[in-house]
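I have placed the structure first, in the form of structure tokens, so that the comments after it can refer back to it.
Chain IDs A, B, C and D follow the sequence of writing; residue 1 opens each chain.
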Amino acid sequence: MQRLIDGFRYFRQEVFPEQRELFKQLASGQSPSTLFITCADSRVMPEMIFNAQPGELFVYRNIGNIVPPYAQHVSGVVAAIEYAVRVLQVRHIVICGHSDCGAMKALQKPALVKDMPSVAAWLKHGDVARYVVEHNSHGLPEDEKLACLTRENVVGQLEHLRTLPVVAAALARGILNIHGWVYDIAHAEIDVFDAEQGCFVKLDPGSGKLPDATPHLRFAATGS
Amino acid sequence: MQRLIDGFRYFRQEVFPEQRELFKQLASGQSPSTLFITCADSRVMPEMIFNAQPGELFVYRNIGNIVPPYAQHVSGVVAAIEYAVRVLQVRHIVICGHSDCGAMKALQKPALVKDMPSVAAWLKHGDVARYVVEHNSHGLPEDEKLACLTRENVVGQLEHLRTLPVVAAALARGILNIHGWVYDIAHAEIDVFDAEQGCFVKLDPGSGKLPDATPHLRFAATGS
Amino acid sequence: MQRLIDGFRYFRQEVFPEQRELFKQLASGQSPSTLFITCADSRVMPEMIFNAQPGELFVYRNIGNIVPPYAQHVSGVVAAIEYAVRVLQVRHIVICGHSDCGAMKALQKPALVKDMPSVAAWLKHGDVARYVVEHNSHGLPEDEKLACLTRENVVGQLEHLRTLPVVAAALARGILNIHGWVYDIAHAEIDVFDAEQGCFVKLDPGSGKLPDATPHLRFAATGS
Amino acid sequence: MQRLIDGFRYFRQEVFPEQRELFKQLASGQSPSTLFITCADSRVMPEMIFNAQPGELFVYRNIGNIVPPYAQHVSGVVAAIEYAVRVLQVRHIVICGHSDCGAMKALQKPALVKDMPSVAAWLKHGDVARYVVEHNSHGLPEDEKLACLTRENVVGQLEHLRTLPVVAAALARGILNIHGWVYDIAHAEIDVFDAEQGCFVKLDPGSGKLPDATPHLRFAATGS
């Protein structure tokens, strides 16, 4: 805890004074363009990885970067997405998984979270990825299975995301783009889900191209 | 009720004797290739519309041809899909809406089902379609809005379908195709969702072509 | 899938033209007198078995012709029954089981659906029948046990049906009749639950008599 | 989105190389000492404010830094806390609100989120704070009411936190401390809830003292 206090002193004395104007201006409102959904993991720091300034990223973090589907019982994620799309009018939603994720390991080996009923119940939202890997990865070594599970979980959560009424409506209007990424902690690399090809491709920051997971689908009224 | 009894007598005397062998053979097992999910509406008779024989269609019917997303509380639809994919190993799942659907009208005008708490709660699974239409159909006449809602509901339920672990796993293996259709009662026509184009197209039974809603996505392990 | 397309072409060319007037008339409304709840099984085709015309049967199908009891989490069945009784004002509800039912076999031998958590959870609604048979059928051969289970399941689902407020209210007013049937695929026979005798009797279509499962109970306030 | 890509390039080229060893070491595990629960707001960047390094803070973010109480339906927050306390064995949990919070404003004026059913449902978890302020702040100007609400919400969420079995157990063993803070964006100040005095006090990073919200309560069986 002393580390936090010291860090805060450093922030007040060294960082804040140089950005005083920015913070003053931000004091009465935010207008981030992106909702960034990622894991609570202490090694995944979205603002650091993307060099984001205060006010740029609306950041939702939970274990496993999970988006429960729209259903009878409201979750915090669903509420946050509704808020981000309707009030903040974000233009992008990124779901970002990462390497060595404890939630993915627990999904792979439920024994790791035995006696943790809440974690086990929460991870049910990752069953979609678990099934896909279990039924399609015979013969793969364990670490590759974990990498697959991490990617499939991002794909599965993107599917959940599309069940949210506010997201479906914004996609149909063409005013929202959705993205599925996986961040590699050791190598500072990002794999991006390319929905058109149906696979992940490495992000090349220099290329100027960014495949995404936005479906082609538009408002059906225009199509038939 | 007397109509039913008379109908059963007709079936026993006129229909059954001619297909006695088929029924005898079917008595100990079924192997339908398609799970057909449609509305309970009395005017939508899948076996009649597709001239299907006993044993061909595994038919799930509820109000609004709804597929709740995979979540904590098991629904009958989710159980039926799991059974169809795992035990019967169906190769196709069709979600089929229809014109003049009472569930869609209730979704459009919730006042129609006021004092019906269970219907209202069930129709929450159609919110995704309701939002899409509300936010994208300003200026459309009411009957076109209803047609849109009916199509968007099929698209939304296809999204829900993809959140089911067994479905995601089978899609990733390439052993399952999914289809979204809308049946027009008055004109005996079917509109088919073409996911590639992101819109509905009229089914031409003579063309030999059938667009579908199966995503390109394959098992992620093969892609990166 | 080609079979379906061909079947649809046949329907459009051979069947629909002869009933064009009926379909045109039905295009704007339905008024079925019966809600028919049966299994999704591909060999159970209610409209065929009862020679029903479009518009006659409101048909709910799931695995095991199950009606969950009225409880916290809304099921599609409960919503459909509420809709059928309140909006369509059906006068009859039939719950119809059938021979060689996969759901009943799975209820009898849970190992058949191991690794299918959603099916297993759904079949809990049939536990009432399983218990009755387990505790009362020592010495019976397996196939007779299956027949018993199929009948007891219909009786159990009739009990569930009576837990629904809209059903209880309509029964108390004497405006609704409920029926429990079992259909034999191989022999085209139907066994009917006779609540008065407390047993199943074979349906004789020529007799003009139809025992049912409607309780004698009326609104208690009237004193009868 | 281009800003994110550019930011990532900067991170890869300028930041990552200098910390390559740290990231390599972190690649196979984390052991943060603190679970930091705060708002998704884009202006609240915990790692920046506390100058935290990768691996130091396990960060949960949602709208309104809310912790639902332990109840029937598992939330992501409850699962994350269970994971943090049992698996990561964090020694501190901080709940940190902030000035100009959109969730608090919506709690104050529900009209701001009308037509957003999921946000409204989620904010019910803040009702405890809303009630406290409504019934105790007559005559206060609106901005002070908002500040009160923000503080009371932190206190209310601390109470929710104590309803979690894993938290209650760890508090009873004396191995966990809990903290309630409010961060002021414009002035880079933090107010800390001092449970002993029952009020908030300004954090003085130089004093070496940090009041907290950990209850005195110990395991009742020991008699203290």
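Keep in mind that, in the parts below, a contact is a pair of C-beta atoms (placed from the backbone, for glycine too) under 8 Å apart; a residue touches a chain by one contact, two chains touch by 3 or more.
Not measured: the values here are computed from a predicted model.
Asker: Suppose chain centres are the mean of their C-alpha atoms. Which chain sits farthest from subunit C?
Answerer: Centre of mass proxy via C-alpha means gives D as farthest from subunit C.
Asker: What is the distance in Å between the mean C-alpha positions of subunit A and subunit D?
Answerer: Computed value for the inter-centroid distance: 19 Å.
Asker: Centre to centre, by mean C-alpha position, how many angstrom separate subunit A and subunit B?
Answerer: Whole-Å distance between the two chain centres: 31.
Asker: Which integer distance in Å separates the CA centroid of subunit C from that of subunit D?
Answerer: 52
Asker: Of all the residues in subunit D, which ones touch at least 2 other chains?
Answerer: 73-74
Asker: Touch graph across the chains, line, ring, star, complete or other?
Answerer: It is a line, because the chains touch in a row without closing up.
Asker: Which of the chains touch, listed as pairs?
Answerer: A-B, A-D, B-C
Asker: Please give the residue numbers of subunit A that touch subunit B in the complex, ascending.
Answerer: 68-73, 121, 124, 127-137, 140, 144, 147-148, 151-152, 155-156, 159-160, 162-166, 168-170, 172-173, 191, 195-202, 215-224
Asker: So in the complex, the part of subunit A that touches subunit D is made up of which residues?
Answerer: 1, 3-12, 15-16, 23-24, 26-30, 32-35, 40-43, 45, 47-52, 54-63, 66, 68, 73-84, 86-87, 91-92, 94, 99-100, 102-103, 112-113, 115-119, 121-123, 177, 185-186, 188, 190, 203, 205-206, 210
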